[in-house]
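Chain nomenclature is as follows: A, B, C and D, assigned in order of appearance, with residue numbering initiated at 1 for each chain independently.
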Amino acid sequence: MNVNLQVSIGNLTLKNPVTVASGTFGYGEEYSEYFDISELGAVTVKSLTLQPRLGNIPPRIVETPAGMLNAIGLQNVGIENYLKYKLPFLRKQNCTIIANIYGTSIEEYVKLAEYLEKEGGADAIEMNLSCPNVHDARNKFKCPLIAQSPEWVEKYTSAVRSSVKLPLIVKLSPNITDITEPALSAERGGADGISIINTLLGMSINTHTRRPKLKNVVGGLSGPAIRPVALKMVWDVSRTVKIPVIGMGGICTTSDALEFIIAGARVVAVGSYLFRDPLAPIRIIQGLRDYCISNHLDDINNLVGSITVD
Amino acid sequence: MNVNLQVSIGNLTLKNPVTVASGTFGYGEEYSEYFDISELGAVTVKSLTLQPRLGNIPPRIVETPAGMLNAIGLQNVGIENYLKYKLPFLRKQNCTIIANIYGTSIEEYVKLAEYLEKEGGADAIEMNLSCPNVHDARNKFKCPLIAQSPEWVEKYTSAVRSSVKLPLIVKLSPNITDITEPALSAERGGADGISIINTLLGMSINTHTRRPKLKNVVGGLSGPAIRPVALKMVWDVSRTVKIPVIGMGGICTTSDALEFIIAGARVVAVGSYLFRDPLAPIRIIQGLRDYCISNHLDDINNLVGSITVD
Amino acid sequence: MNKLHECLITLHNPVAPNHYRMVLQSKDIAGHSSPGQFLMLEISAGYYPFLRRPMSIERIFSDGVSILYKVCGEGTKILSTLSVGEKINVQGPLGNSFPIPKEYQQYLIIAGGIGVAPFPALVEKILNVRGVAPEIILAGKDYTHLLCEKDFRQMGCKTHLVTEDGSAGDMGLATDILKKLNITGPTIVYTCGPLPMIKNVHKICIERKWLCYASLEAEMACGEGVCLGCVVPAKIEVENEMMARVCKEGPIFDTQVILWEKIGE
Amino acid sequence: MNKLHECLITLHNPVAPNHYRMVLQSKDIAGHSSPGQFLMLEISAGYYPFLRRPMSIERIFSDGVSILYKVCGEGTKILSTLSVGEKINVQGPLGNSFPIPKEYQQYLIIAGGIGVAPFPALVEKILNVRGVAPEIILAGKDYTHLLCEKDFRQMGCKTHLVTEDGSAGDMGLATDILKKLNITGPTIVYTCGPLPMIKNVHKICIERKWLCYASLEAEMACGEGVCLGCVVPAKIEVENEMMARVCKEGPIFDTQVILWEKIGE
């Protein structure tokens, strides 16, 4: 049986619905030693900023039950180094590229997006409006993420939207009362897709020193622990907006990916679980194909949002 | 060394800072076969409503990585049966009782609280403003929990506050952008303590039937998986309000309890982990004492909020 | 009585593809168990899996009990890797047990697949207290799914085999045999297995005015009646509709009290 | 080269209280490993623990490698329960390896506690390529924490023992011995162990103008350079301050490139 695994975000077609979560795949080089990364629906790269960033002071990660906290703080090579040193490799491999960007103002997002478009640095842009690790944990208190303000999400999205033609994805935060509000804002702002979820805020304390285990105090929780939360948000958002949802949060196996697709995700991303099994995305692509065959589905798009709720 | 484990919520003194989470301990009878339940700082009972409730249609629980989803839907015997059949047992055991109540309106909460006070049915009242399982999952969408509205939290709290003298605890939801807002509202409304966290909204799908595993579609996530999220919220709230915080969310071991206390919880509650180890609260009480001794602390209150953040 | 036990595994054998028998050493559990009760097993020391797993007591010995289980998910898979000599934390015995009312001279057991698990202990008990060997219908997908046949024959039970593919005994379902059986007079039926089977057995029993006790399954978190996760709609006390806890009011129910129409699927 | 391997455990022995040696069969790993590199071990099939555990390669054989580890948390505890004959998923070899520059005639190894793990392989290599046996300072809390002493002596190394409680060798710290050693001329020091020890060894080396390579540890998620979790502040390329990944740029660092003043505690 011939199964169509192609899915679209805006006018971009992915050869299959499996990508990787930003920040868990670097710029593709390392895991290209493990498998042919062009087999991915897309490679989503680590968040890029205008200038290179050193990130937060370590320790930056803590293991937690069925998950992990990270407080990397957007360490990255910066947009110029990306274009010069990382992009050529990805292009040579023939990857579809989703470039994740992070700015500290609307102007920075616009600059990053324009730069990427001009230099052919991406096939789609993902705006990270939801990184929990770039503010000081104590100030963060009254300094919300852009993704926590539906109003700002719309402003940021439409500014970038009006400056580039590339398909535009907005990445939202689960640290919110109602995720559908910023999702609707992103859609109104002209986004072609919505990525959910970024990490949940969390912390962990060393009971001997009575200090936070993370130097940055607070970090972002990811991994299978958060999967039920992510799935619920994917279901909520995909029933609410018309644009495709890129679902992520604890996806490890084909079955996990199927849950997200059935809940309404058009694309799924493997994140933290890559650290356990770098081959997980490849296994999932094959597993999705197998599922379609044994369920007599000739197009994976027919599975998207196929949940029955009585 | 003599260690003081006594802590206070309003004018109620608990003999130690360990209680159980509402809904995970029934009304105390069952686990009293496992240990002397009067050794607990307090017994917190399953949410009580004015009328008995049948709860949701099963399946009601699903296991998840390092946690579980539940959609019990507040099945309970109702306040009258509680007073008649459950309370006498708890009183005979000499337990300190925190009665958790749930109403569908301010009036119901007031009635429940007044009834409890009049009949001596509790030593403190915990208002559950955050049960994720009592609305239809699909309507829930635009029908937020009281705990998601700081304004309503204040109204509900002050109404109950002005009708009873019993120490009053307000239980909040983690499904919110900034947990400190309803916490401040509860404090303003006259609460003597804040319980955090109730469960995170989540879901799980059977990929064979493409239906939700829970009949109620959505459920509440609990267990070690959510511990980092709960701890962060306890830290946030306890720095913000002056009243005591009752911390819960994935507490299994003494070390977990210590994390919450160091983060700022005056009392800790063991919830889902009771299902694994009914003796966990007793182990924790002993473990806290041991920790104090080996750290030369003669009063556990000195440990509360003792986190160092540089 | 202490309900938490660190039990030594004294036997652990495959009995069919994907099926195992495990013997757990504990005088305490053995001394307090009745047929139909179950145990909650802690599968691993960590949080994977997080919850205990419910398993019926298959047989009660002087110094321990056995369980019979099928590997069907992560928990039972890990369970199957444990070795004789290792210890496992066991909670129980839990739940109610099979009533054996005197007024019935005939006892019929209908077991579907792994649903056979609680019956060896029940047969022993009926033999002991009533002096008769129940008749048994053992049903399964194929011949590999018919367990304990030898045990039942050794205990003197008339045993009918039936498989869906005809690879052992008759071809068909348990209820096909039940309909054909030439039993008259007050009979008590005990059944355990897939829910559709139980439902159909129940219907036939109603027609014949037989008493029917079923061992039900439900997702369980606590096994002790506190979480209210495992309920089934039932009319137990004086026509009062309730959500009965499979772990407390059950797992054994008179099938007449179950509100079958309110059970989905 | 494939970096993911299902390795047979061919040996697993306690070597001291809470310390174990495990031999992992894999020609592929053995054929590609250099002293100083490490492996990421999948501790269990489930999510407990979720992350792999980094372990240095202790020795490289023709058909496998050994690791030497200390039980200090949940992961290593579970690891210690695995039996010979079981398989374990191993990722590696990962990271860089110890440089053995020709210009130095003297090689000195300073190992604190379980920090000894990467050195048996290094000694073998130095013997092979330079024909000399490094001198070794083995430091530990007490005599039970001095590992591999026999191995080093068998390989012909002059070995100094030092324990904090004096229960074996001198009483004191590794650096006490280092200060007393009568070594002159261009020397290269390799060290691994607690961070304060490494820092002090580094300081002494600076004073003596010796080259010092340390094997560093950091919490790791991926072991492959993608998560940026394991970084250490360093000045690697042309005075350019960076966050160097212990798993990629390391785990072996010339201690002069580490920005010690920016490392907490």
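The rule is simple: contacts are C-beta pairs under 8 Å (C-beta built on N, C-alpha and C of every residue); 3 or more make two chains touch, one makes a residue touch a chain.
Since the model is a prediction, treat every value here as computed from it, not as a measurement.
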Shared interface partners, meaning chains that touch chain A and chain D: B, C
Centre-of-Cα separation between chain C and chain A, whole angstrom: 47
CA centroid of chain C to CA centroid of chain D, Å: 54
Whole-Å gap separating chain A and chain B, where each centre is the average of the chain's CA atoms: 33
Interface hub residues of chain A, defined as touching at least two other chains: 64-67, 223-224
Residue numbers of chain C (touch at least two other chains): 47-49
Chain-level touch network, classified as line, ring, star, complete or other: complete
Touching residues on chain A, where the partner in the complex is chain D: 23-26, 30-31, 33-34, 46, 54-55, 57-68, 70, 72, 75, 215, 223-224, 252, 272, 274-279
Residue numbers on chain B that touch chain D, as the complex places them: 65-66
Chain D residues touching chain A - in the complex, by the definition given at the top: 1, 3-4, 42, 47-52, 91, 218-233, 241-243, 248, 262, 264
Residue numbers on chain A that touch chain B, as the complex places them: 64-67, 69, 137-138, 141, 144, 148, 175-178, 180, 200-205, 207, 209-212, 217-219, 221, 223-229, 231-232, 235-236, 250, 255, 258-259, 262-263, 291, 306-310
Complex contacts: residues of chain C adjacent to chain D: 44-49, 74, 78
